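What follows is a set of structures to go through.
First chain A sits with chain B, and in the next complex the same chain sits with chain C.
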Partner chain A sequence: MEEKILEILEAISGTDEVRNDRDLNLFEAGLLDSLGVIELLVGIEEQLGIKIEPTEVDRKEIDTTNKILSYIAKR
Partner chain B sequence: MIPYGTLFFFYVTAIVLLPALILGILEKPIKLYGLFASVLIIGLLFSSSKTQLACLILFYLGELFLVKTYLMIRQKYPQRWILRLYIVFSLLPLALAKWGNIFTERHLGFLGVSYLTFKVIQMLLEISDGLIKEVKVLDFTYFLLFFPTLSSGPIDRSRRFLDNARDVMPRAEYLDQVALGLKKVFMGAGYKFILGSAINTYWLGKIPEGHSFLHTLNYMYSYSLYLFFDFAGYSLMAIGISYFLGIKTPENFDKPFLSRDIKDFWNRWHMTLSFWFRDYIYTRFVMASIKKKRFKGRFTASYLGYLLTMTTMGIWHGTEFQYILYGFYHGALIVGTDFFQRKSGLYKKYKNHKAWIIGSTFVTVNLICFGFLIFSGYLFK
Partner chain C sequence: MNLVEIIDHYASVCPDRIVHSYRGSSLTYLQLKERSDALASYLIDTYGEDKTPIVVFGHKQHEMLICFLACVKSGHAYIPIDESLPVQRIRDIIESSRTKLVLEVSGLGSETAEGEFHVLSGNEMNSRIEGYLGKKPSVESQVQKEETYYIIYTSGSTGKPKGVQITLSNLESFVGWGLGLCSLAGTGEVFLNQAPFSFDLSVMDLYLALASGSTLYSIDKTMIANPKELFAFFRQSGVSVWVSTPSFAEMCLADSGFNEELLPALKVLLFCGETLSNNCARKLYQRFSDVKVINSYGPTEATVAVTALHVDREMCEIIEPLPVGYVKNDCRILIVDPEGVPVAEGDRGEIVIAGESVSPGYYRNQEMTAKAFSIRTIDWTGHSKTVRTYRTGDEGYLKEGLLYYSGRIDFQIKLNGFRIELEDIENNLRKLEFIENAVVLPIRKEDKVQYLTAVAVLNRKLEQKEFETVLFIKNELKKYLPEYMIPRKIVLRESIPMTVNGKINRAKLLEEIK
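== the complex of A and B ==
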């Protein structure tokens, strides 16, 4: 599962920074924006079958790769 | 009584907050008292206009009916068209407030109708998403009629608001919160009544009649600054007063004139409004478009989403031409910025250099002020 999420993130941000620096703030680094969040949620739903509504999750809960991984793991 | 407009309002508010302060210090729930205080203040706010009060009561009952019945219907029927129908109904009072003059001489709105409508639609959408599973009448009433933010926001979210309302803070935490709230009230008063007023009286109000390039430029900067200090000041006071009632109303402004680009600006200006539009229009439109594969390009849905969202935001301010243009202007700027930042090698290379940041902040602040010039209607007079 972790690998799939990393692949989705790489495809969205167009870089493997998301894999190498997992505590990097993705919004501040310009790797994730409004569209990126949507693509991430759609990707997770389509590939992992986990449905997350956009206002269910706060940006602060998913602003680094590590936080995204642990958020999904808890679901 | 005008909210945040007269000394009388502040006297009444100070008296009304005292029992809340005592409850907070005794570590007792403030929620029920806060609801009582809100109803009391609303009674005073609308005492001079029976029509407004009647409109508010009808609005409240109608929207409560919608939320309650949708909650029941949604359990069995998740169809999207039912949600859409409910949203249309929930928008009727706002439509009547804006266009009611077609049928009647009377003004069919009341102070705050457009802000309260946001709160109801948020609840309907989150009921549809399954995030809200029950709505108690008292909870709904307190969230909708919470007096500090009644007239012009900040626009809170129901789940967040009710978490705060149910929570009883330890005394030390509550007192810290109150101290911060008091600071915000004074800061807000300084923004609105000293800085905002001064700009209005000694700069904006002193610009001679007649449009010349220099007058227009003067108007553009003074109006923009006035708008900021007036609205950010109001917001700070509303947030500060909320803190006394144990509600951490979200921030509305974060140094908007230091934005690096237009997208950054909308994360800093009237944030509760722009986040509302982002979450409930842009995100939903783009998400549905991606899932249904409506468009070929990766960014088409996003760009259409920005234009749709910002134009709606413009129309929400009013159906006059200047507001629609203002919305479209910002939509087009966001699309342009997004496109530029994705394509430009120059941007990617220099975006973190000091000179680039200073330059783009300067360009952005002028684009923002030009937007407010459109918004003000000055160009069309």
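== the complex of A and C ==
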């Protein structure tokens, strides 16, 4: 599952930095924006079957790769 | 009555009705009239016969509406600039407009506030308004039919924005048609305002709301970045007429909570600014059982939109792609070949718009105006008529009176409803001293641009990781371009492939970066 999420993130951000530096703030680094978040959630639903509503998550909960991974692991 | 008088008359018919609602605060029709009258009187006293356009800088505050009306009541066109634009872009617009006054609804920042113009701060503006309350500008001081009502700046291929001038008569023609379109005989609707006022999609919600005595319900960029907050505002909005880009509706549709329970009063959804997909229309009908989806099309140069139609449930199943509609009756659509000769019905060509909606041209930019605008005598249902025409650069075709949009002829694209000249980004990338050459490519999925990728060739090696260089480029670019124009991906390469003619081989490059 982790690998799938990393792949989705790489595809959205266009860099493997999301894999290398997992504590990097993705919003501050310009790697994720509002539409990017929607793409991420849609990608997770399509590939992993985990449905997360955009209105459920706060930016702070998913602003680094590590936080995204643990957020989804908890679902 | 002209448009401004119509808006004003609601102050006597329904003085306490809310004209603008934003973050829990409301402005009534009476307040709008009194405050815009006062500010207009101050402007007339201060600037007299000098009718130079005035910049209104801010985001979604009530004062934006007050300033817009005050400008036109005192005979000045207004230039709306959203606060999210980068400093350099704001400077370019202020410089090219040669404005003498900036009405500062949001703070301009010290870097931008210097120049050959006066800045009236929010506080000063309020005290001027208080001082002039009760004063009424004369009808003769107002912007007249053929004078410019607003100027909206759009992305230009040279790397500098161009100001589209829209006259009162252009705007009135649009409003009259637009109100008929959503068949709102009555008043008191609630219109959603999603787009910033510097994007002409906002003209659709702003003036259809004001002309019908309705309420404009504004959402801002902070809400859009935080869906939870956005939906909480939706819930209390009472929105009955939705106006947005299809992309924004798609973003909302990603949440299953976007449905008729959230927006029980919703009746009409008006889309403009980019292609409405069958899938998006279909989903909207699944979520909202009793609404009307209207698709429309038009460039800023022809006052927001010139074609529209009601896309019903049946149509989204049988016609793909969806047509963008029938042309309004005081305009005509011509489809022409590269020599400007009309093509046969059903054949593709460049979309040319003729008639009342067409702008007189770009402000203080004769060169660009001459390229796209002309006055021509064309066939007008049986007789000939001399009208203004605008070459859109869009490709499309007509079938049984319905216009279909196929895409752009040049390097202009639409991303999330924003109009972007790819060359504008490329020229700004090339300005960075360490960049040798740059190409910007739109990445499409099902014919819709998903995001932009820039390919850059550096003129020297930088002492940092590639990722850091990319981040550095993005941050540099943000000084010159609005957020939505920053390519999401930036690929660094040794060279850019060329065609045999020596042009950049975009097709090959697109393949290579996949």
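Miscellaneous remarks
Here is the rule we go by: the second predicted complex is superposed on the first by the 75 of 75 C-alpha atoms of A that agree within 3 Å, B and C clash if a C-alpha of one lies under 4 Å from a C-alpha of the other, contacts with A are read in each partner's own complex, and residues count from 1 in each chain.
We adopt the following convention: a residue touches a chain if its C-beta (ideal position, glycine included) is under 8 Å from a C-beta of that chain, and two chains touch if they have at least 3 such contacts.
Everything quoted here is computed from the prediction, not taken from an experiment.
Contacts of A:42 after superposition: both chain B and chain C are touched.
Of the two partners chain B and chain C, it is C that touches the larger number of chain A residues. Looking at chain A, you'll find residues 30, 33-35, 38, 41-42, 53-56 touch chain B in one structure and chain C in the other. Residues 12-15, 17, 29-30, 33-36, 38, 41-42, 53-59 of chain A are the ones touching chain C in the complex. Chain B contributes residues 125-126, 129-131, 157, 263, 278-280, 282-284, 286-287, 290-291, 299, 302, 341, 351 to its touches with chain A in the complex. For chain C in complex with chain A, the touching residues are 224-228, 230-231, 247, 251, 254-257, 416, 453, 467, 470-471, 474-475, 483, 486, 488-491. By the touch criterion stated above, chain A contacts chain B in their complex at residues 30, 33-35, 37-39, 41-42, 53-56.
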